[in-house]
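Okay, so chain A shows up in both of these, paired with chain B first and chain C after.
On to the complex of A and B.
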C-alpha cells in the first residue's frame, strides 16, 4: 500500500530533484553560513533518499547507512565546519570568479550536458534509475563550485557535496555498498574535514587570509 | 457541441470577481500587518466613483492615450474569454491556446507602456521603460514554466492541458510552479518587484504608467489590472491545480465547480498577500537576479521533465 503510494507520487524523484536544487543553490550563494546550511539540507535529503529506498526495496541494512549519513553529514561535519568558520572569522565569499546568475546558468548547462550524454546509455533500472543522472549532475556542479570560488572553505563545501553526489551515484548503481565500506568512507570524510579545518587555520595564520589567490605568491 | 452555452460565460466570473479578489488580498495584507484595512468591497467603490468622475487629459496626449485603456481592457477580456475558468467543457476553449493568451496580454501591456510615454511626463516614461525591461525578463520565465506543463500534457491548449496536469506526481511541475509564481508576482506588480500601494516616484512601475489617467479611463486601467491578476491566478490553477474542473456539462455536474474555483483563487490570494507582507521591495537593479533565478528554475523544470521522462 505504502509502496504503491511511493511509486505513484514518485517520492524518490522529488527527493533527488531537491538535492539537485540545493546544489544549484550553493553555486549562487555567497554567505558561507548559508552554504553550510544548504549542505546540511542536501545531506538530510540524501539520508531521506536512502531511507525511502531502503523501505521501498525492503533492505533493512540500508537504514544503518542512512543513520550514518545523518550522524556524520548532518551533525558532525557541519559542526566542524561552523567551528572553523568561527575561528577564521569569515562570513562572505568575496566576489567569486563569475557572478551568481551566470553560475546558475552554468549549473543548468551542466545538467543539460549530463542529461544529453547519460541518457544515451541507460544501464540502471528500477526505482533509482533517475537518480544516476541527477547524481552525476551534482558531482559536476559541485566541481564547478570548487573551481569558481576563491575561499578555501567554499571549496571544502564543494568537496563535501561532491561526496554526497558520489554516494548517490554509487547508491543508484549498486543499492548500497557493504556496511564496512560505508563506515570507511564516513570515517575518511570526517578525518578529511578535520584535517582540512586544521589546514585552513594554518593558511589563515600564514597568509592572513583564506583567499586561495594569495597562495600563488611564493614565500621564500 | 452543445456545451458552450453556460460554460462559455465563465469569463464573467473574472470580470465581476476580480475587484473582490483585489480587495481580499488587500484585507489579508492589512490583517497580517496588524491593521484593520479597507473593506473587502473597496475596489468596487473605487471603480464606481472613478466612472462618475470627469477626466483631465494632458495637452500633448495623442489618440494612443485615448485608445490605451480600451485596448488594455479588451486584450485582458479577450484572453479571459478563451481561458477555462472553472470548467473545461466549452467549445470556445478550442481557441484557447496558452501562448495566444500570454501574448494577448502582452498587447495590452504594450499599449499601456505606449500610453505612459504618450502623456509626456517623466514618471510615465520611467514607468514604461521599467515595465518593458521587466517584461523582457518575465516573459521567458512564464513561457518556459508553461512549456513544462505543455510538454507533459502534449498540447498547448489549456483545456487539454488541464486534464493531465498533476503537481503532486512530478517534481518538474513543482519547479515550474515555483518559477510561475515568481513571474506572477512580477506580472501583477506585487511587492518584491513593484509596490502596488504607493505613488512613490522612485519605485513605481505600474502606477507610473497610469499616473496621468483619471476618471473612467483610470477605472478601465485599474479594472484591467485586477482582471489580469485574476486571469493569471486562473492560468496558474489551470496549469498546476486543475481539481474540480472535470465536471460534466450538465447543470448538476457543473454546480460545485465555481465554488471550488473561487476557494482555490482565494487560497492563492492568501499566499500572494503573505508573500507580499513578508518580503521587502527589492531595488530595481536587483530584480534581474531574482527573475534570473526564476528563469533557471523554469529551465530546470523543463530539463527535469525530460530527464525523468514525465
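On to the complex of A and C.
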C-alpha cells in the first residue's frame, strides 16, 4: 500500500530533485555558513533517499547505510567544518571568480547537457533512472563550484557535495554496496575531511590567507 | 599468513605511544625489514603456486599480488634505512623539528601499511579504500616541512587525487551494478573475473573508463598528472622515492585488475585503445617538460610520468610479452627512480640545492655519489647495460611483432628527447666542471650502502633476469588470466 503510494507520487525522484536544487543553490550562495548549511540539507536529503529506497526495495541493510550517512554527513562532518571555519576566522564571503547569476546559468547548462546526453540505454533500473542523471549533474556542478571559488574551504565543500552526488549515483545503481565496504569508504572520507581541515589551518599559517590564488608558485 | 600486513601498522601504533626519537628510527627500520621478509616468504610460496586467502576472501595474495608486494616491501626497507641518515641531516640543518620528525616516522609506517594493503585486497571496494588511504597519509608526508611550497603541493595533491579517485569509486559502483545485473552482485575480484564473460560489455566499458580516469590520476598518467611534479618534488626525498617508485605502481595495480575484467568482458581492442591513449600521452607530454626543467627533483618527477606511460603502453598492447614488459618495467622503475631520488638527497644534504644550474661537478667532490648518480640517470634514460633498457627493449620487440610502427616511432622520438634532457641536466651536475661553492662532504654509511646495493641491482638486472623473477612474472601474467 505504502509502496504503491511511493511509486505513484515518485517520491524518490522528488528527493533527488531536492538534492539537485540544493546543489544549484550552493553554486550561487555568497556566504560560507550558508554553503555549509545547504550541504547539511543535501546530506539529509541523501539519507532520506536511502531510507525511502530501503523501504521501497525491502532491503534492510540499507537502513544501516542511511544511519551511517546521517551520522557522518549530517553531524560529524558539518560539526568539523564549522569548527574549522571558526578557527580560521575567515571572512564570510565565498568570493567566486565569476558572478552568481553566471554561475547559476552554468549549473543549469550542465543539467541540460547531462539530461540530453546520458542515454537510458545502459542503465535500466526502473524507479531510480532519473536519480542517476541527477547524480551525474550534481557531480559536475560541484566540480564547477570547486574550480570557480577562491577560498580553499569552498573546495572542501565542493568535494563533499561531489561525494554526496557519488553516493546518490551508487545507491540508485546498486542499492548500496556490502556494508563493510560502506563502512570503510565512510571512514576514509571522514579522515579525508579531518586532514583537509589540518591543511587549511597550515595554509592559513604559512600564507596568512586561505585564498587559493596565493597557491600559484608551483608551475611547469 | 596475510596478517603480516599488520607489522607496519603495529610499528606505527608503538611509535605513536613512545616519546623519543632514537627508538623510532630503529623500530621503523626493523618493521620495514620484517615486512620485507614477510613479503619475501609470500613471494617464495607464490613461486610454488600457493595462493593465500584471508578473512573469507576479502584478502588474497596470488602471484601478481606477491610480486607487487615484494616490490613495495623491499623498497620500503631500503627507504627506511636511507631515511635514518637523511632525516638526521635534515634535523641538524633545522629543516624539520624533532616533533615533526617523530610524526614523520609514524606516517612512514602508516604509509607502508596502506600500500601493502593494496596488492592483497581482493575486494574492489577494499582496494579503493586502501588507495584513498595512501593519498591521505602521503599528503601529510608531502606537507611535513610546512613550508609554503610543500603545503601548496600537498593541498593540490590531496584535492586532485581525491576528486580523481571519486570517479574510481563510481567505477567500482558501476562494476558492482554490472555483476548484479548478470546474477549475483559481488565486488570480489576472483568472482568477477570468473563471471566476466557474462557481464554487459557496455556497462563494463563505462566502469573501465571511470576507473582509468580515477586510478590513472593517482598513477600519474597524463593528461591527469598535474599534481605529480609538485608533490614529488616538494616532498622530503625518501618520501619522493616512495611516491615515485612504488605508490604510482600501486595505483596502476588497480588499473591492471580492472583491465583483466574488462579484457574478458568487452574484448582486448577496447582496453588496448584506452591504455595506449593514456600511455602515449604520458610519454609525449613529460618528454617536452623534461627539457625545460631546472630542478633535478622536478625532472625526475616528470620522468616518473614517462615511465608510467611506458608501463601503461606495454600493458595496453597486451599479450604475454606486452604484460611481461610492463611488469618487468614496474620493478626496474621501482629500483631506478628511488635510487636517483636517494642520490638527489645526498646531493641536497651537501649542496643545499638540487638546481641543476647551481650544483655542478659532483665527481670531484663525492665520486661515489657521482658515479652512481650518473649510472642511475642513464638507467632512467633507457640506456644499456641497465635494467630499464631491457624492459623497454622487450616492449619495442612487442610493438614490432604486432606492427605498431606509429606507436614505436612516437616512443623512440620521445625517448630521444628524454635522453637529451637527462644528459644535459645530470651530465653537468655529476661530471661537469665543479661549481665554486660546495658544502662539506657528508657521509651516511647506511645510506651509502643502500645506494651501492641498488646501483648493483640496476646493473645486474640489466644483464640478465634471474630465474625465480622470470617465473614469478610469468605466474603473475597467469594470475591476470591472460
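Quick note on the criterion: the second predicted complex is superposed on the first by the 210 of 220 C-alpha atoms of A that agree within 3 Å, B and C clash if a C-alpha of one lies under 4 Å from a C-alpha of the other, contacts with A are read in each partner's own complex, and residues count from 1 in each chain.
Criterion: a residue touches a chain if its C-beta (ideal position, glycine included) is under 8 Å from a C-beta of that chain, and two chains touch if they have at least 3 such contacts.
None of the values given here were measured: they were computed from a predicted structure.
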Fit or clash between chain C and chain B when superposed on chain A: fit
Contacts of A:202 with chain B and chain C, given as first, second, both or neither: second
Which of chain B and chain C A:177 touches, first, second, both or neither: second
Inter-chain angle, chain B to chain C through the CA centre of chain A, in degrees rounded to a multiple of 10: 150
Chain B versus chain C as contact partner of A:143, first or second or both or neither: second
Partner chain in contact with A:191 - chain B first, chain C second, else both or neither: second
Partner chain in contact with A:215 - chain B first, chain C second, else both or neither: second
Chain C versus chain B, contacts on chain A by residue: C
Touching partner for A:13 - first (chain B), second (chain C), both, neither: first
Minimum C-alpha spacing, chains overlaid - chain B and chain C, in Å: 21
Footprint overlap on chain A, where chain B in one structure and chain C in the other make contact: none
Chain B contact footprint on chain A (complex, rising order): 8-10, 13-14, 16-18, 20-21, 24, 28, 100-101, 104-105, 107-108, 111-112, 115, 119, 130, 133-134
Chain C residues within the chain A interface of the complex: 58, 123, 125-126, 128-129, 132-133, 136, 139-140, 143, 146-149, 151-156, 158-159, 162-163, 166, 169-170, 172-174, 176-177, 180, 185, 187, 202-203, 206, 229-230, 234, 289, 292
Of chain A, residues touching chain C in the complex: 121-123, 139, 143, 146, 152, 155, 159, 162-163, 166, 169-170, 173-174, 177-178, 180-181, 184-185, 187-188, 191-192, 195-196, 198-199, 202-203, 205-207, 215, 217-218, 220
Complex contacts: residues of chain B adjacent to chain A: 168-172, 174-175, 288-289, 292-293, 296, 299-300, 303-304, 306-309
